[in-house]
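A single structure is presented below for examination.
Think of it as A, B, C, D, E and F in the order they're written, each chain with its own count starting at 1.
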Amino acid sequence: MADERYEQGLEVLKEMTGGKEFPPLEAIHSFYPGFAEFIVSNGFADIYSRPGLDIKQRELITLSSLITQGAVDQLDFHIHAALNVGLSPKEIVELVLHCSAYAGFPKAIAALGVVMRIFKEREVQI
Amino acid sequence: MADERYEQGLEVLKEMTGGKEFPPLEAIHSFYPGFAEFIVSNGFADIYSRPGLDIKQRELITLSSLITQGAVDQLDFHIHAALNVGLSPKEIVELVLHCSAYAGFPKAIAALGVVMRIFKEREVQI
Amino acid sequence: MADERYEQGLEVLKEMTGGKEFPPLEAIHSFYPGFAEFIVSNGFADIYSRPGLDIKQRELITLSSLITQGAVDQLDFHIHAALNVGLSPKEIVELVLHCSAYAGFPKAIAALGVVMRIFKEREVQI
Amino acid sequence: MADERYEQGLEVLKEMTGGKEFPPLEAIHSFYPGFAEFIVSNGFADIYSRPGLDIKQRELITLSSLITQGAVDQLDFHIHAALNVGLSPKEIVELVLHCSAYAGFPKAIAALGVVMRIFKEREVQI
Amino acid sequence: MADERYEQGLEVLKEMTGGKEFPPLEAIHSFYPGFAEFIVSNGFADIYSRPGLDIKQRELITLSSLITQGAVDQLDFHIHAALNVGLSPKEIVELVLHCSAYAGFPKAIAALGVVMRIFKEREVQI
Amino acid sequence: MADERYEQGLEVLKEMTGGKEFPPLEAIHSFYPGFAEFIVSNGFADIYSRPGLDIKQRELITLSSLITQGAVDQLDFHIHAALNVGLSPKEIVELVLHCSAYAGFPKAIAALGVVMRIFKEREVQI
């Protein structure tokens, strides 16, 4: 059943990456398998597979939490994920602007930098 | 035009309170009018009146930011607001649970306490 | 197997409470069973049952994290737990003092207030 | 020389309290003398006695840090101190409003509540 | 009147940059004009143009908030701004040291690194 | 006696670096001697030389605080220090995993990246 959770987590991850491989997870698995299993089972499977909120809502919540805690390093993955699961570019930018009121301008502006870079890389039009 | 923003902000506030008065704002206005105007115009009007995200999405983002920064005191208003603008009780509880993975269990459990109290007061069924 | 994790988590919880009931968990279970299961399985079982660190070390880490994030509400449970699993009163006070350098005096002094209250209630001598 | 630092810290503290006793420090001293000494010597003496910034500037910095980290419990002492060392009521309220842009509205509004209560208690006019 | 706020915000920004262009703002404007307008009007104009605190006091408050929340990326702009509006190098370094007591050593030491780099670039003597 | 504290702090620092020089401290000393003295005396001497907790316990507490506050820049020094004072590689990785529950996955995963890099550089086997 642990394996079931792991498989379920990998499914979630695949949806977020748009079907691509995710090398950082493999690196973690080589380093310390229990950590990769914990991330996949307890993070992706046990959270994102729950009912009650769809994956687009879950990404809004995740992005807001990341911006608020200043977790700029982890924004990259979730801005890609947000686009991959169907949030519109405008929704993502407005989310960042909204966070400036709740988390302060510094957090929002740091996040905006990541959004601008990723939208440019992916040639996303707002 | 400042007045226009203020009126617009009061409209947003009214939607959030479900049409009720909001005495804390009046207290702030008596204390220092400029602060009340700033909250209403720069907080409610300039943020919640923007296009691109609907008010339910904006409450998801706000609640996630509040939980992540441990702003327990401000949760009260926004859990009421979330219910008033149409988020379902289940969406709110699942949002809190989701945040436990991103903001940690202590923040989520503190928020859960507020949710439980408000749902009881309003006799909300999940 | 989910049940196995739940049982394991309850064992951990029991060690932390010194064998006493823990009514807040029951209240959460009545409110939304999935949240109680998540806390017990993903919080207590999947974290505290892991090898590599003993429970006293885990409480040092937990207390430091709670103090650093200003999670004063959650300190109560874990200061009791720290005493119940065998950390000495002096270790706990010195941990709080240590945190003043890393998390700042305000966080440490807020935590000290909780420690002082609990030590008085339990008639703990440092 | 440790005593010299302690005496110097008590002088700073006296300036902040407006010459009044400060019972919380005595309570900490009874509980664990080393913690009270650490707060007085390393907090008050080694910080506030330094040259380069006057005590009014130091209180601006302290209040901004407290508001930003959500240390509402510690605001009480430092809002009193800010008034006692000569910051004007208007400077204090404007500081809180300024912080809403950098630390977000929730932190600023929580701080405003404390300011409003203390100004009322002391019958301060802005 | 929105334009008036925007013009006012650009004036504030100009004072902070010492009269220089500020390319990041232009980049944001090209990306999503509403975000640039929001930063200039709601951030710079509506905050820094207020009475009650002068711009040097406002930079003390801003720097303290940035250091406390670990917003290292945004420190660059505001350390330059602090020097440009007339805070002395010694006031800036003492502010960072002061923050070590309230926000903890890690935040202060991270900020000190930015200060050291900028002072070197500008050949500032303390 | 200030010199005594400084010498004591340098001893602590030496234990943490495994006897190596620590160039960042010298750079700070050249920049502003009072800041280097403050870090060494108030940080290392007055904290790590205290009784009640051994240096391995103090590193557990420090690492947990750094991870929780997202102080990734300062993790480098303290992961090296943790290894140098005798924490096992497994204890360090399990500490990071433990923090994912209390500080959230984003903070833990950011810390894990630093741990993986340092363990690779030092050819540490878990």
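Throughout what follows, a contact is a pair of C-beta atoms (placed from the backbone, for glycine too) under 8 Å apart; a residue touches a chain by one contact, two chains touch by 3 or more.
Everything quoted here is computed from the prediction, not taken from an experiment.
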Centroid-based (C-alpha) most distant chain relative to chain E: C
Comparison of B-F and D-F (more C-beta pairs in contact): B-F
Matching chain pair for A-F (criterion: over half of the contact pairs shared, by residue number), options A-B, C-E or C-D: C-D
Geometric centre distance via CA averages, chain C-chain B, whole Å: 30
Length of the line joining the C-alpha centres of chain A and chain D, rounded to whole Å: 39
Sites on chain D at which at least two other chains make contact: 34, 38, 42-43, 50, 65-66, 69-70, 93, 97, 101-107
Chain-level touch network, classified as line, ring, star, complete or other: complete
Interfacial residue positions of chain F with respect to chain A in the complex: 70, 72, 93, 96-97, 100, 104-107, 109-110, 112-113, 116, 119, 126
Chain E residues touching chain B - in the complex, by the definition given at the top: 1-2, 34, 38, 42, 46, 50
Sites on chain D touched by chain A in the complex: 101-107
Touch list for chain D against partner chain E, complex: 42-43, 47, 50-53, 57-58, 60-69, 88, 90-91, 93-95, 97-99, 101-103
In the complex, chain E residues that touch chain A: 27-28, 31-32, 34-35, 38-39, 42-43, 65-66, 69-71, 73-74
